[in-house]
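To keep things simple, chains are lettered A, B and C as they appear, and every chain counts its residues starting from 1.
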Amino acid sequence: MRSLLFAPAGRADLVAKLPRSRPDAAIIDLEDAVPPAHKEDARSALASLVGDLLADAPGLATYVRVNAPGTSWFPDDVEALPAGLAGIVVPKLEHPEQLTEVSDALVGAGRDGLAVIAGLETARGILDVRDLLGGPVTAAYFGAEDYIADLGGVRSAGAQEVLYARSRVALACRVAGVLALDQVVVDIHDADAFRADAARGRALGYRGKLCIHPSQVALAREAFTPSHEEVAAARELLAEAEGAAADGRGAIVVAGAMVDEPMLRTARDVVARAGDGST
Amino acid sequence: MRSLLFAPAGRADLVAKLPRSRPDAAIIDLEDAVPPAHKEDARSALASLVGDLLADAPGLATYVRVNAPGTSWFPDDVEALPAGLAGIVVPKLEHPEQLTEVSDALVGAGRDGLAVIAGLETARGILDVRDLLGGPVTAAYFGAEDYIADLGGVRSAGAQEVLYARSRVALACRVAGVLALDQVVVDIHDADAFRADAARGRALGYRGKLCIHPSQVALAREAFTPSHEEVAAARELLAEAEGAAADGRGAIVVAGAMVDEPMLRTARDVVARAGDGST
Amino acid sequence: MRSLLFAPAGRADLVAKLPRSRPDAAIIDLEDAVPPAHKEDARSALASLVGDLLADAPGLATYVRVNAPGTSWFPDDVEALPAGLAGIVVPKLEHPEQLTEVSDALVGAGRDGLAVIAGLETARGILDVRDLLGGPVTAAYFGAEDYIADLGGVRSAGAQEVLYARSRVALACRVAGVLALDQVVVDIHDADAFRADAARGRALGYRGKLCIHPSQVALAREAFTPSHEEVAAARELLAEAEGAAADGRGAIVVAGAMVDEPMLRTARDVVARAGDGST
């Protein structure tokens, strides 16, 4: 899941175009992209939206982002989930009890097989992140815009204002065994800003990125797939190390750097990710 | 509280000048700015200092920074608090029990109506920040100089060495519903350094800054008040969104950025802060 | 302990050269620098390696890095510890129970007088760092390479991807009263990169650095020893402050900066460290 592309449930035209950019997953949004006055209409249209989408792109991993647990919309959103989905996205997770609330709602709707992607994007959600990655959660995203809005801060180019929270989420995800998905880039016309932000996210341990425009999908795929150069360098490193181990040399130097077990583990990870199906 | 200006209790001349730069609050310091040998004298002079100050500037929100709980000076400092204060500043808060100690001391002195600004500026205070924002605390500041001195680190221009602690305090304040006040800038002649540091603090969610020189007050007020451009942009965004909502469009694009609920919340916050009394 | 130099236990030539660069401590590594197939041989050679080293450099504080608790090698590594060591380095500490495991193994081997340097270098170790600095631990290092390999992230020049974890470890060490040792720099030919990284580590409160090449030892010593300029400036500041205190002035300005208690504490620390044996 290197790229997850959003479309608002209220925009059938954008939903229909979701498969074109070949994202790893598609997310139809009932939450922030749908104004309160249109929540009911968007929910009513969901079944036919998803039906048409999956008829057009049968293999596409499709998620619905429901409104947050605790809102009046949440129970009806879950009841309205159509067949064929890969999972749901639950935004603004804040309290451990909400994990049970989500599980119970899914069971109640007969949909307990669905994967759950948790949204961590409020001050409380970041503070208590460690307690929010259990139960049905299989992946989680860090929502920088919502988080900074909740804090009353300001987003900036280098994203220093979210380094603490973004690092905290990646670490908690790793310990919980949950896939970490990186923040949105709101300026949809600035590919360089997206690449720079995705590189920072990958450095922190994120495995993919939420996308809000089709043009971001290819950028995300590229950013979270090791490059040919990285894969070649990793393969060379592993070959050198095998040779050194066979000769009984423990410490080897490649390109000026001491090579030891952590570097080898990263190299194996790079090679493994190169092989998991690129475009 | 965008600007809080300090003056040492031992410097009657500086205390008398506090109102001139029109800070949102004035703090008369019995702690770090008063050497041990002069603590008693400074405390004795407090009542007349505050009396003169409030006679000259009756509307000025005035605080006294007492010595830390646990020092031999703390109980007498609280007993000596004069009438007319808005509150006290309690430095180097470290243990949750100290919240009770502060409350009890205020009750004992018949001053339990006073607001309490907590100072978080030691390694332990930062580690346990989450447990230190209850009881009588209504605001808290992050003290970078004391914190780094306690760690045995080094302060630097970009303030990377405090990004973790400064982010941690802002987040804990938000969750506790406590106003977050940003670190001092010690170089009182470098307005650009102050502006840059205040912008970083505002990005992290701080609402105002401690000032140690009158020239910093206007800089703090400017940094923590949304600019005319920000307010105009926020108003435009909200108008666009209202139009889009009326038309049933959920997702709109303004200046290349997807606009959704978090951006609207930030825009509303900017407009609200613009109106809360500038200059 | 400003510089701790590693050599792989499998490289008798490198171990013999450890004293030449005059590190504050030497670490003979049984862990990451020794491939699994050579663990037994390396352990068997340990007693004579250490014996020869200490015969050559009797005053050298010498540590052995054993394999992590929980591996099959750990108990035998501890049993094989030769006489004359200053302590052991325990890598990849993750669970509080491992503190007991380490203590018990040392007692069992009759070596409970040895100092223990804990390695914090996994996602779980960083998350739970606060619970891992008790028992026999007297110092701890942050292992950036292993940590980022465990997270699945990417190391970069500015080290932003580890700022959260590196800050977290330094803070926890300070509160636990444990000496904090900074991350390795893997590019052994780039002195400027080492200096920049060491300066960042010192700013965060670290007191020394792990070195993986003799050329890094002098760089570490220099980075973690206050410079002549720093010491002179600190002495001047303290003299000014003494004068001001004698005159009853609380707040003084030196070089454009307000001087108060935290700055004086840092100055005293600088002067103290200058005197603890340079070159």
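One rule holds in what follows: a residue touches a chain if its C-beta (ideal position, glycine included) is under 8 Å from a C-beta of that chain, and two chains touch if they have at least 3 such contacts.
As the structure is a prediction and not an experimental result, all values here were calculated from the model.
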Taking shared residue numbers divided by all residue numbers at the interface, is the value for chain A and chain C over half (same) or under half (different)? different
Rotating chain A so that its CA atoms sit on those of chain B: what angle is that, to a multiple of 5 degrees? 120
Whole-Å gap between the CA centroids of chain A and chain C: 36
Among all residues of chain B, which ones touch two or more of the remaining chains? 163-164
Sort out for me which residues of chain B touch chain C in the complex. 8-11, 14, 31-35, 37-38, 41-42, 121, 123-124, 126-127, 143, 145-146, 148-156, 160-161, 163-165, 184, 186-190, 212-213
Contact footprint of chain A on chain B as seen in their complex: 130, 163-164, 167-168, 170-172, 174-175, 199-200, 202-205, 207, 244-245, 248-251, 253, 256-258, 260-263, 265-266, 269
